[in-house]
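Below, chain A partners chain B and then partners chain C, in two separate complexes.
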Partner chain A sequence: MDVEPATVIHAYGIVCSEAGFDVPDAGIGGAGVALLDAGPVSGIFSILPETAYGAAAWTEHAEDAAWLARVATQHQAVLADVVRDTDVLPLRLPAMYRDEVHLHRMLEAEAPLFRAALESLHEHLEWSVHLYLVGEPDAPAGDHPTTGREYLRQRAEAVSQRHLARVKREHSVRDAYASLADLSRQSVANPPQDSALSGRPEPMLLNSAHLVCRKHERLFFTAVEETAARLAPLGITVEVTGPWPPYNFVELGVEHLESQP
Partner chain B sequence: MTSNTPQGPVFSGNREPASQNLADVLERVLDKGIVVVGDIQVRLLDIELLTIKIRLMVASVDRAREMGISWWENDPFVSGIEDGREDGADGLERRVRELEQRLGDGESKARHGR
Partner chain C sequence: MTVERVPSGEDVALVDLVDRLIGGGVVLTGDVVLSLAGVDLVYLGLRLVLAPAHEVGVLARSRDSG
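Now for the complex of A and B:
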């Protein structure tokens, strides 16, 4: 008789099997986190109740921002712990397996690919850079127009000034990105985040991710500080988050054999 | 400055309260990272559909375009298109020049009119 509650495997990421690191205590839903050795690579995983995290739960919550946010945050928290100590390939959600056997089979089959990716990303972390427009320089207060012509001239000048400011801003944002990209092995500019999600009312001018060698972190931060100093007079503020696992730099779409119909 | 003057860069580790970094987390965890479609159970999900929905939630590109911030589309670091880079800025500069010209024309016409 089957009295064991049904479970699914949730995989967080993939590490080199010989990597030394502390396996995080708790993962999604407070579940324990374990390591599955599949030869050259190992998978970090949790065993979760199927009712809460199985395929049906994912389908049910596909548009449930609060649910997705919680699962995504807990998934990331595990990887954030690991990435402090060692290189890890992050898996995109949903990363679900029926049981350890299926996860092991996948890891074994894709081991050469994962191993190559881990080696190429060795000692590199991802840092996120956001530029926000927090203030605009004040328009020069012209004399109060005394004639219609003067009024129109001032209007046209204001329009022209705004265009110039925008051109200057765009150049500055490009320059900022380029100077940070110079210190990164790879960089990518993603579309700015929606303020509904970022919770920030200010327009986001840049949403970039940078793959930076652990050894060059100080240099990168110094460049960020210099960039911030250059952008401050334009009303632009710089925010950095990280370190992240190299989410933006693992272009591996693996269609495992079993998934073929 | 009309509003808050920017300070130096703000550094925040990704173990800060989740609300601070939720957009970063969702953008990465749901839209980046390795995809391994490796289990029959996963196939039950319409992953494509889920991904599209998440994409809509994570980043509203159209909204960014409305604000005129779309330079990443032509960025050589992203697309490898080298010459696409100048279009946006040049276009704006051209418009500024046109405006300036129109402004000059307007003034000379006004002078002639006297």
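Now for the complex of A and C:
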């Protein structure tokens, strides 16, 4: 009887049902993306072949970096499309359902929680700010030492200059974070990314995320530019990524009761 | 002074995405469930997404030790 190939639902995120936006054309593996209305909130989802994206596939590929990178990027691409137009709660991977009935049941059961989270984040986007130390400013070259004592004096001076430069840098990084946090509704300084993971050799001095109102975006970017101008003489560059759905500012854990053994 | 702006869809932002998928977002245990160990493996796998080959052993060992 059952001739349809087995499928599984992948959920990307949750939006307010009355939100107006274009549903992205393609999601994971090129699958179509659809919206499931569950009253006050709707889920964004794809129907995927179970052989490729079911629990067994996730387990098989759990340490397969290339597979995970592709799935994570395609998951994010859908959310990046949506977040340009409307507020969306991003789901962490993997979020799988047997079928629309089960996804609908979950959305309906948790609707008040999701709705409250969406309302509290209304019109806010997440931006990432990275500060990198790309170069130490050159120390002014002193006269060539003519005596041992002169050499030691110059060396001690160079050490203390470097120490002062470091203290000044730390202050400037804290000030930079504080001035951007002033323009954000919420901010968080996450641990700097390991250069082995980021592939960037320069030390990361700040890895922050900021929840910024859409209408304050220009103000925020002006402040970023000003910060960059202040930090450039200290050998620090600024990089911004985003906009992100508010990953750093929704920490909801919802257990599906049916799934408990 | 120009600030480098990286759209969230670009490859360059992958490490940022991995940070977010491990540390944030709504956690839904769907009804098709991986074991907790399976989910931990996925998070470990995500950490490995950008790691050069020689780092993989280090990260795998740090998982074993705690």
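Details
One rule holds in what follows: the second predicted complex is superposed on the first by the 259 of 261 C-alpha atoms of A that agree within 3 Å, B and C clash if a C-alpha of one lies under 4 Å from a C-alpha of the other, contacts with A are read in each partner's own complex, and residues count from 1 in each chain.
Here is the rule we go by: a residue touches a chain if its C-beta (ideal position, glycine included) is under 8 Å from a C-beta of that chain, and two chains touch if they have at least 3 such contacts.
This one's a predicted model, so the numbers in the text were calculated from it and none came from an experiment.
On the superposed chain A, the positions of chain B and chain C overlap enough to count as a clash.
After overlaying the two complexes on the shared chain, residue contacts for A:244 are found with chain B and with chain C alike. Of the two partner chains placed by the overlay, chain B and chain C both lie in contact with A:55. In the superposed model, A:112 lies in contact with neither chain B nor chain C.
In the superposed model, A:91 lies in contact with both chain B and chain C.
With both complexes superposed, B is the one of chain B and chain C in contact with more chain A residues. By the touch criterion defined above, A:181 lies against chain B but remains apart from chain C after alignment on the C-alpha atoms of chain A. Shared-chain residue A:153: touches chain B; no touch with chain C.
Once chain A of one complex is fitted onto chain A of the other, the partner contacts of A:32 are absent, as it touches neither chain B nor chain C. Touch criterion met: A:205 reaches chain B, while chain C stays clear of it. In the superposition on chain A, A:64 contacts chain C only, with no contact to chain B.
Note on the chain A alignment: of 27-35, 63-71, 81-89 or 99-107, the part of chain B that runs into chain C is 27-35.
Within chain A, the residues touched by chain B in the first complex and by chain C in the second are 8, 11, 14, 54-55, 58-59, 62-63, 65, 68-69, 72-73, 76-77, 80, 89-98, 102-103, 106, 117, 128, 190, 193, 196-199, 221, 224-225, 228-229, 232, 237-245, 247-248, 250, 252-256, 258-259. Those residues of chain C that touch chain A in the shared complex are 1-9, 11-21, 23-35, 38-39, 41-42, 44-52, 55. On chain B, the positions that touch chain A within their shared complex are 1-16, 18-19, 21-47, 49-50, 53-54, 57-61, 63-64, 67-69, 71-72, 75, 77-78, 85, 88-89, 92-93, 95-96, 99-100, 102-103, 106-107, 110. The touching residues of chain A, counted against chain C in their complex, run 8-9, 11, 13-14, 54-55, 58-59, 61-65, 68-69, 72-73, 76-77, 80, 89-98, 102-103, 106, 114, 117, 128, 190, 193, 196-199, 207, 221, 224-225, 228-229, 232, 237-245, 247-256, 258-259.
Within the complex, the chain A residues that touch chain B are 8, 11, 14, 54-55, 58-59, 62-63, 65, 68-69, 72-73, 75-77, 80, 89-98, 102-103, 105-106, 110, 117, 128, 134-138, 149, 152-153, 156-157, 159-160, 163-164, 166-167, 170-171, 173-174, 177-178, 181, 187-194, 196-199, 203-205, 221, 224-225, 227-229, 231-232, 235-245, 247-248, 250, 252-256, 258-259.
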